[in-house]
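The first chain written gets the first letter, and so on, giving A, B, C and D; residue counts start at 1 in each chain.
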Amino acid sequence: MKKFVALLLACLMVASVFAGCGASEPKETQAAANNSGETQAAAADGSAPAIKIGLTGPLTGGTSEYGLAVRGGMEIAVAEINAKGGLQIDFKAEDDEADGSDKAVSAYNTLKDWGMQIFAGAVTTGSSLAIAAEAANDQIFMLTPSASAVDVAMTGSNIYQMCFTDPNQGASAAELMSQKWPDATIGVIYDSSDPYSSGIVEGFLAKAEELGLNVAVSDASFTADNKSDLSTQVTKCKDAGCDLVFLPFYYTEASQVLTYANTVGYKPTFFGCDGMDGILNVEGFDTSLAEGLVLMTPFDANATDDATVSFVTQFKENNDGKVPNQFAADGYDVIYALYNACVAAGIDGNTPAEEACAMLQEQFAGMTFDGLTGKSMTWDENGMISKAPAAVVVTDGVYVPMD
Amino acid sequence: MNEYSRKMLKVPTYTLLREQDKDKLPVLDVRNLGIDFGGLTAVDGFNITIGPTEISGLIGPNGAGKTTIFNLLTSVYQPTRGSILINGIDTKGMTTHKVNKLGIARTFQNIRLFTDMTALDNVKVGMHNEIKCSFLSSLLHLPSYYKAEKKANQKAMELLDFMGLADVADKKAGSLPYGVQRRLEIVRALATNPSIILLDEPAAGMNPSETTELMHQIRRIRDTFHIAIFLIEHDMNLVMNVCEAIAVVNYGRIIAKGTPEEIRQNPAVIEAYLGREEADA
Amino acid sequence: MQILQYLINGISIGSVYAIIALGYTMVYGIAKMLNFAHGDVIMVGAYISFCVTNYLGLPSFVSVLAAVVVCTVLGIVIEGLAYKPLRGTPSLAVLITAIGVSYFLQNAAQLIWSSSPKNFTSVVTMDPIVLMDDKLVITGEVLLTVAACIVVMVGLTLFTSKTRTGKAMRAVSEDRDAAQLMGINVNRTISTTFAIGSALAAIAGVLLCSTVPTLMPTTGSMPGIRAFTAAVFGGIGSIPGAMLGGILLGIIETFSKAYLSTQFSDAIVFSVLIIILLVKPAGLLGKQIQEKV
Amino acid sequence: MKTMLKNKNTRTNLLTYLVVIVAFVVMQVLNSQGVLGSSMKGYLVPICVYISLAVSLNLLVGVCGELSLGHAGFMGIGAFSGIVIAALLKDTIPNDALRLVCAMFGGGILAGFVGFIIGVPVLRLRGDYLAIVTLAFGEIMKNIVGNTYAGIDDTGFHMAVSTSKMKLEAGGKYIINGPLGATGVEKLATFTMGFVLVLFTLFVVLNLINSKEGRAIKAVRDNRIAAESVGINVTAFRMKAFVVSAFLAGMAGALFGLNYSSITATKFNFNTSINILVFVVLGGMGNILGSVISATLLYVLPEALRSLEDYRMILYAVVLIVVMLCTWSPKVKEVLSVVTDKVSGIFKRKEAGTNE
């Protein structure tokens, strides 16, 4: 009986939390709207209501870095657009904890209940895969800023990507290497538990074989669980005499590789992918370690064109002076691409999601888009993007385009 | 029978079998038993033979190794030396539950009931190996499960009734008075259908009238179930009145064996054990 | 010579596991609870040290000191608020509370320091030792971590065997009730244990991030679980066992990556752990406790 | 029947079934009225899955007294084998519900089998050592499944540990794709099946607890030495509980896997195991109805906190700690009882006042 009372108490506790949330909800949302979460758009004088765009991404937990960056980028785009007048955007982001099943789907469902018309997520591949099937089923148009696996776009005809697909990126890395360093001994270190990293390696190895590149080390992988020690992988490459080391993973781990290689005096050319962007802005990172690092990134925060400068300034303002990375830029581009398409197709807050989906598909098929992450971007019939891969070299702590 | 003859040891040992058991296979036959705990000899050269319907006692001062002997007999510890035969079968290397299946059951000095369960369930746990009901049948509660449970309930109630515990059947074992718990432990041991039952200080914590009652019950157990009883007890009155044979241990060794009269008169015992107690008294 | 370099790498990560495991094993041995929040206290320690060095510009030894002070206070507060009220309840209840504390610390760290990674500046300024013409490199971090492990191990052993408080801790670990009857303040002893364990966590945090520079709110959790594994491996509750377990785990991990398979190294490491526990059920240096009948 | 109702255990069990059935009927009615939003509808199947997981883990942790930190590992085995089975049987069994049942039983049997294999050596260990080995098992499982490739083409079923070794003929389809996990899974799971699974789990676990096996398991937990002394083979019973628990977790995993179009091995990590454990401990060890309720509430809680945005997980942690303290701490309980006494005192006084 005592236990039962205890249980009842526990239930009451939880219930009171629920009740508490319910009661304080309006206040919370408003607070959120003011600082970050939801950018409520005032329906401009009697015109059509704002169009509802939703995002899911990891906002808490180990990968929240990426989710928060995308959200930050999108919020800037939404604020700019809403300030312009005309078609307004109502934006909302939900936490999916980078989960590939129930959490992702419930984040998506929450957005659906909110009345989402267009889905601008998810941030991670795992979540996108789970949600893509739902979106395909619901006929809600989906344009993911950063989920790069081929399988995502292939899930349905209404699923589009703003980033390169992984095998494509791997293949272009191999092509670039065969042009610039045809005789190099190449080592590859990658995260075998991450679809992004292993997807790139898959495409890279296939292309490298075709081009006859000398890949000496291709089995130096790590997993999310044992990434605290990457010295063995570096030692493997060092011992095999690799003078070009391919690092197709995120900058969080890359800084470890660079630091360790520097400590042991190993100085090959390091070559990264778009996930490497952001390394120069890691707090406390000695940028001289990244000197000579080659990476293929569609976005350069130091670029001097007006669009980038204004984006970077605003992002810094909103995020305690943090410099945006390509995740943020992809997010920004996604909102603008959707906005352009909506304007062209005449979609507004009254258009049902399914109709909007069909109209957007039509638009994207023939659309050319200029954004922060590339010029004249187009999409193919599968929803995959085609944009020119740009390689840069880190020189004196800034990106310098590679010629 | 084959298994018996194969495992039977032919060494004759000192026996003190009662008249009624002379021509029968001893239920417990212990030879030269000993155990060392990291260089310390706890029990050494312990021999005893108990007939199928005998009540024997094991006495000795505190720390003499009595409970250790019980633990050896029930395979809680594996002996360093010597052998234990239960109904003629050597228990070497067997686990406690296997030894129990051979026919040895016990109670504990510090009561070890399943305190969260009812008295009835405690007894039914004791009957575990007797309840014939397959795992699948228990999982799915097939008709055979209900039949087996009904039978088990009946028998468990009979056993509780035998020790006068029928009215506490639905009480949690942990909530029962001390003396009742001791008796419940005996019922639980009886429920395993043993041929010998080891009682570790059954009268500890009981008042004199409860002890007298217990003495009757011990005899009734033997007379009803026709099993052997081997008990450790400090209450000399109980031991001398109930036991037909007594072994005295000190420092892990047997110092005397015999009938109560013989023990009472044995100078070694008087000096080592009884003497002191009598002097105290 | 390759093999020697791998061995050094193994000792490098292993000694980090070892120093975390020392904190785990100490708290487990005395308070008899799996403190799953230990890894997160480590993360807090590393952040404190990072902030003191990078924002206040103070020298690294001051930052270590600050981390130790903050973590000790944090440890006492956590213990007093979340664990002490549960003294005497089933260990599982405390385990779940520890998990709650772990979630709390991670999320609080994300709110305070944001989730973007920070690159921890190593507290070691020594140049690496290069042997056998560049084939074998021993970094200062390895030397410092191993030295710190040995100092902590010897220090803890002396502390528990020589000082009054240490002896009280041992008494509490052997038999809490008996210790109470002997007039030992069990609650205070356990609180002291947490204070010491958390101070060790701060040092472990600094050393972890000196070896592995990426600092994030989740930095402590995976090494924390590894270190817990190491502590069990060496015999949980045993101070030299934690050290041995940590270093062996690091070496096994590195060697399996180097010679067997990088892909399956997690599976290999944990399989070795299972096998060791089957052969030695109480870990390498643990005591098998005989149940009293 | 009357005597049956008198028995407290039977009453609690009937109450448990009743709660589950009523909840199901209410949800079905609400659903048919179109009251439920998509997110609410989305919770239904995972809640059923987590209830089954919590109940099956409660058998191990609460009833048996063994701490397992690898329950998600069994769930993962069930999920992936269930997905493979469902894909393989696509042509043989066209009926979705039947195929789902086959997949669930297949997943359960495989998980139970793996439970048995690792149980043989592992169950010799006790307490925290068993916990760490189950944790290790979960990590091994995650690592291996995360590197497994399986696919089907005209020549049949293929499996390998790297893409280069995986040669599918044209028209072949990947079922499990390494770190991407299982993709393109056909969603077979339904709420009704989830409900059936919960009932089945409750049926098996409650029956087991109330049979001679259950008595033996509880006896082993209460007092291992006494249980051995009355002839109970302790290892065998720990094994039975372990295998049954793994089997049920495997079934739940299969349902979970077939409820989403994709699933990765990382889902079945330490954190998921811990979450299930939290459900069990908060619901009360050995308290099956408690597990059902706490799994439901705690699953929905982080979702209900969504409006707090970035603060929701920290609040979840606080709620977890506070609830643990309220349900377990003797001191807090004392304070609570004083408060409730006072409150009831006030009411009584009021009553007395009105009487006057």
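Observations
One rule holds in what follows: contacts are C-beta pairs under 8 Å (C-beta built on N, C-alpha and C of every residue); 3 or more make two chains touch, one makes a residue touch a chain.
Predicted model, so just to flag it, every value in this text is computed and none were measured.
Just count the C-beta contacts per chain pair and the biggest one is A-D.
Distance from subunit D peaks, on a Cα-centroid basis, for B.
The distance from the centre of subunit B to the centre of subunit D, with each centre set as the mean of the Cα atoms, comes to 43 Å.
Subunit A and subunit D have Cα centroids lying 33 Å from one another. Between the Cα centres of subunit B and subunit C there is a gap of 49 Å.
Touching of two or more other chains is recorded for residues 76, 108 of subunit B. The set of subunit A residues that touch two or more partner chains comprises 60-61, 192, 223-225.
Residue positions of subunit C with contacts to 2 or more other chains are 107, 110, 263, 266, 293. Those residues of subunit B that touch subunit D in the complex are listed here as 74, 76, 95-97, 100-101, 105-106, 108, 112-117, 121, 124-126, 128-129, 131, 133, 135, 138-141, 145, 148-149, 152, 188-189, 191-192. Subunit A contributes residues 3, 6-7, 9-11, 13-14, 17-18, 21, 25, 28-29, 32, 36-37, 59-61, 94-95, 99-102, 105-106, 109-110, 112-113, 125-126, 129-130, 132-134, 149, 151, 155, 192-195, 197-199, 202, 205, 223-225 to its touches with subunit D in the complex. Those residues of subunit C that touch subunit A in the shared complex are 2, 5-6, 9, 12-13, 16, 50, 54, 106-107, 110, 114-121, 128, 130, 134, 137, 139, 208, 212-218, 222-223, 226, 250, 253-254, 257-258, 261-263, 265-266, 269.
In the complex of the two chains, the subunit D residues touching subunit C come out as 61, 67, 121-122, 124-126, 128-129, 131-133, 135-137, 139-140, 142-144, 147, 161-162, 224-225, 270, 274, 277-278, 281-282, 285, 310-311, 313-314, 316-318, 320-321, 324-325, 328-332.
Those residues of subunit C whose C-beta lies close enough to touch subunit D in the complex are 28, 34, 82, 85-86, 88-90, 92-93, 95-97, 99-101, 103-104, 107-108, 110-111, 225, 228-229, 232, 236, 263-264, 266-267, 270-271, 273-274, 277-278, 281-283, 291, 293.
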